[in-house]
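Two complexes come next, and they have one chain in common, subunit A, joined by subunit B in the first and subunit C in the second.
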Partner chain A sequence: MEILVCLKQVPDDSVEIRLKPGTEEVNLDGVANVVNAFDTYALEMAARLKEAVGGSVTAVTVGPEGAKDAVKTCLAVGANQGYLISDPAFEGADTLGRSKILAAAIKRLETEAGKPFDLIFCGREATDRATGQLGPQLAETLGVGVITDLVDIEQTAGGICAKQETEEGYRRVEAATPCVVTVNKPAYDPRYPTIKNKMAARKMPIPVLSAAELGQVDPGQPGVHVVKVYEPAKRQAGVKIKEETCADSAIKAVGMMAEAKLL
Partner chain B sequence: MSQYEKVTPELIEALKAAVPGRVSVDGDINEDFSHDEMPIYGKAMPEVVVEAVTTEEVAAVMKLCNEHRVPVTPRGAGTGLAGGAVAIHGGVVLSTTKMNKILGYDTENMVVRVQAGVLLNDLAEDAAKQGLLYPPDPGEKFATLGGNVSTNAGGMRAVKYGATRDYVRAMTVVLPTGEIVHLGASVSKTSSGYSLLNLMIGSEGTLGIITELTLKLIPAPKEVISLVVLYENLEDCIATVPKLMRANLHPQALEFMEREIVRLSESYLGKSTFPQTFEGTDINAYLLITFDGDNEDQLNEIIEQASEVVLEAGALDVLVADTPQLKKDAWAARSTFLEAIEANTKLLDESDVVVPVNEIANYVKFINTIAAEYDFEVKSFGHAGDGNLHIYNCSNDMEVKEFERQVADFMKRAYAKATELGGLISGEHGIGHGKLEYLAQMVGPVNMRLMEGVKQVFDPNLILNPGKVCYKL
Partner chain C sequence: MAYLISEEAQELLGAVKDFCEKEVKEQCKEYDRTGEWPKEIYDKAIEMQLHMLEVPEEYGGMGLSRVDVAALFEEMAKADAGFATTISASGLGTKPVLIAGSEELKKRACQIIVDGGFGAFCLTEPGAGSDASAGKTVAVKDGDSYVLNGRKCFITNGGVASFYCVTAMTDKSAGVKGISMFFVEAGTPGLSTGHEEDKMGIRTSNTCDVVFEDCRIPASNLIGAEGKGFSIAMKTLDQARTWMGCIATGIAQRAMEEAIAYTKERVQFGKPVLKNQALQFKVADMAIKIETARQMVAHSLTRMDQGLTYSKESAIAKCYASDIAMEVASEAIQMFGGYGYSREYPVEKLLRDAKIFQIFEGTNEVQRIVVANNTIGRF
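Coming up: the complex of A and B.
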């Protein structure tokens, strides 16, 4: 099975990120860049599928030169090859623009390899902007189906069977390939790279694809305009109710709600 | 006990006048004040808890209690493991947790001034925001810095950076008499008389109450990377340590972990982090190693060399935690050992012996051999890089008396062996009152007499933290 994993380099979301005081500029000083967590889940799921059924995994990202590090990280944990799509013309592209860039890159890589991708994996959303739009937009641009929020996947005779997480529980969805899938947090964690794979990944070349090499793709003008950037309002600290018994606590809670005219 | 007076209503009034609004008595005292994290050494409720916010308040309390011959037990966050902050003779507990202000950085001299009740975690986070590192890194991140200094806490990074002692430049101390003294200075060397500063460090609140500290910081390393090394057996795992230390690679942290405790911790966290098998072979031991450096290329070379050393020495494979998430997961599993043990154990005792690095394998082998003779389980882990082992005795079904009897026998043998191998009975947890007799056995009567003499000079009425470290009443 030929698999492509789309990934995005984002600021490390495990640290607290604030705006620069008095501005609408996000303060990313000293914040490391990492691979979007959902993309790491997508890569792990893709790698497991490849190991189960054979094939290869290709990792691609759209970004500046520094995003090569993100691709390199993936080469140590299951990706067989990786590409950076980078061009000054792509700066500022929104998800729709990126989906067009990725679609053009996919066509280019398929032509080069002489075979199509069976599956295209994306994370369900990126942890920086969390729009969750890239996967569906990419599927639409490519003219293939999309299944969102996967937590498991297996190959079937005609394509794939996916376990999709919904608000109510899980749904089994079958689809023909090629198709796009977006991945939520599965029951397992991304693997650690072994030292051997990490050192091998360091030495692997990461080709850069520019706009010219993608056949003059035009990401178009951003369809999304940022009106305002602001920090979420600070919520007031809650009240801790800690009575002798659960019943007493419940009575006190109900009393407080009644007093606040919430009941 | 008889040499002390009980707390009187008059004393309570005087304390309330000295520390308005922060004096609790009898029924108002939270049960937490009766023990630390090792309640097996006995619980004791203080008669009064005073939460001071300034050095002057501490001085006023000490003066009053010294005059009234009422014992005072200083207490930080109560996370100790030897009973040091428990008021075994009653009296007043003086809590420093409200003295929690970071007073300021001097980035030219690379020091920070803090009140003693600042939590280690709070200083670590605050220093990191300024690109600085406070290297001591004990497992318990919510201990106070005053408590850390009082036990000379060590922690994971001690193998490269040393223990708390190496980062204390100066301190303000209230003596048992109520006098306020300043020890040390913001300088990097001293040859200025007896080092009272160093005497205070590790004295477990028996000589004075630390109220302010000037601590040394270093520039935070730019890059940090951890390795998880997989072994089929513990012997191979521990035997690697001296080889790794000889390779001159300067690991920041070097921890060994046995399979059972890793599984316990993962189950406690609800997250499986470390692999259990490697190409069909069961993994029974792990080394968790961290390196730091100024750039990625330099670090990559170091981890490659380190991997060669461990693979040559019999490791099955080496995993690299090179992203913030992987590092966080790997160290979360290690940092949760004690919590995981506490959550799964009714009766618990522990020891934290330190032996020369080349004797760790012999010592662990000895412990695992004698462990089979007792009814409790023995779980051990530790700072392999500096020979400091944490050995836990755990039981869920033994009678308390029988547990204590068997543990006492185990400890006696464990400490004797540590001494025989050239080690000491505590690397970083301290003596408190839980380990006092073992200390006396280990260091002998002359050393104990010297310690008691020092105590007398600082505390003529023996009112500060009585019954701890070097003398019983």
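Coming up: the complex of A and C.
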């Protein structure tokens, strides 16, 4: 099975990120870049599927030169090869623009390899902007189906069977390949790189695909305009109601809401 | 200030730190309490290949410089010194073979490690601690075999090792020149493990007696030549003890980091206690000691990498790093105040972990003998 995993380099989501005081600029000074957590889940799921049924995993990202590190990280934990798609013309592209760029890159890689990708994995969303749009938009651009929020996957005779997480529970969804899947947190954690794989990944070439190499791809003007950037309001300390019985607490709560003219 | 390491090792350091933070640091608190050997943590470490950092490249290892490896070991030691000791003890157990073993033995020992096994070094006996020449374990040649009898004690990895490098007397009349070194694989009939120590610290490492009762091994398992065992053992310890300095430095670094983090948050008299110069000076003294210890470790390892002598430097590194690890851990407890004495907080464990580094692989008194001899010379 030929698998492509789309990934994004994002600021480390384990540290608290603030705006620069008095501005709408996000302060990323001293914040390390990491691979988006959901993309690491996607890569692990893809690597496990590859190990079960054979084939190869290709990792690809759109970003500046520094995003090569993200690809390199993936080469140490299951990806067989990786590409960076980078061009000044792609800067500022929104998710729809990125999906067009990725679609063009996918076509280019498929032509080069002489065979199509059976599956395209994405994380369900990126931890920086959390739009969750790229996977479905990429599927639409490629003209293939999409299953979102996977927590498990297996190969079937004509395609795949996926375990999809919904707000109510889980759903089994079958799809023909090729298709796009987006991945939520599965039951397992991404593997750690072995020391040798990490050292080998360092030495592997990561080809860069520019706009010219993708043909005339036009990410278009961003369809989304940012109106304002602000930090979430600090929540005020709440009121703790702890009467002797639950009924007393409820009566007191209703009384307080009535007093505040909320009821 | 950290070790000056290659870009490659910097990347590895990030991965090892991530592993230790998520899989070792917190988990070891419970194992410290129970004294259980945390097999699942070691299995994960083996999967990541942290157990084979010291294996030479030609025998399937990584080919990293010793200082690069030291940076990774320090990170493991910061998470848990017992964990780092277990991993490092395999290196200790392999060294006699690498120093003097046949090509075949070198390949065999390294392959066992690469495949996920542990090694152990068996020198100490109930009556032979600092006086390693007083060992009573004997090896008698019998045709194409040697037959070993005796009891070793305080053997790190004793109960979990796949192979042991063992000193035994082959000629009782010759003193230290009658000691030989043997390679014994786990599972050999006559080899068993005995009393397991219930230790004060490094409780995630296994320490026990290793017993030989008519334990027959092939004559080809003799490491080097008969009578060379003591010399091989001393060379082994010369190399290995710098690594103990490295782990001790890691304990001290962790103690300082914990003390800084706590005293930045702990408010007394309306301000964080670290605003007091009395505590800032304690941190300065910690940093001076830790950095000096670390650079001594690096210096000794660089000399090893460059093929220079390192006996004195290795002894200084081990002795100094373990002495300051005790001082820094003790001061960290002081900076935590009453909470530092509580097992709920992380620093009391560091003091318990640090103590053994002044004792094993040659007590710090023995280290001072080594340093004195190397400094004064014969007169």
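We take it that the second predicted complex is superposed on the first by the 237 of 263 C-alpha atoms of A that agree within 3 Å, B and C clash if a C-alpha of one lies under 4 Å from a C-alpha of the other, contacts with A are read in each partner's own complex, and residues count from 1 in each chain.
One rule holds for everything that comes next: a residue touches a chain if its C-beta (ideal position, glycine included) is under 8 Å from a C-beta of that chain, and two chains touch if they have at least 3 such contacts.
Bear in mind the structure is a predicted one, so any value in this text is a computation, not a measurement.
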{"item": "Combined model on subunit A where subunit B meets subunit C, clash or fit", "value": "clash"}
{"item": "Touching partner for A:213 - first (subunit B), second (subunit C), both, neither", "value": "neither"}
{"item": "Contacts of A:110 with subunit B and subunit C, given as first, second, both or neither", "value": "neither"}
{"item": "Subunit B versus subunit C as contact partner of A:193, first or second or both or neither", "value": "both"}
{"item": "Which superposed partner A:128 touches (first subunit B, second subunit C, both, neither)", "value": "neither"}
{"item": "Subunit B versus subunit C as contact partner of A:140, first or second or both or neither", "value": "neither"}
{"item": "Subunit A residues touched - subunit C or subunit B, whichever exceeds", "value": "B"}
{"item": "Offending stretch of subunit C which, after superposing on A, collides with subunit B (from 130-138, 166-174, 220-228 or 256-264)", "value": "256-264"}
{"item": "Subunit C-contacting residues of subunit A that also contact subunit B", "value": "76, 192-196, 198-199, 202"}
{"item": "Contact set on subunit A toward subunit C in their complex", "value": "76, 191-196, 198-199, 202"}
{"item": "Interface residues, subunit A side, partner subunit B - complex", "value": "12, 14-15, 30, 32, 34-35, 37, 40, 73, 76, 188-190, 192-196, 198-199, 202"}
{"item": "Residue ranges of subunit C touching subunit A (in the complex, touch as defined)", "value": "8, 11-12, 15, 18-19, 23, 44, 47-50, 52-53, 62"}
{"item": "For the subunit B and subunit A complex, residues of the former touching the latter", "value": "131, 227-228, 271-273, 300, 303-304, 307, 317-326, 328-330"}
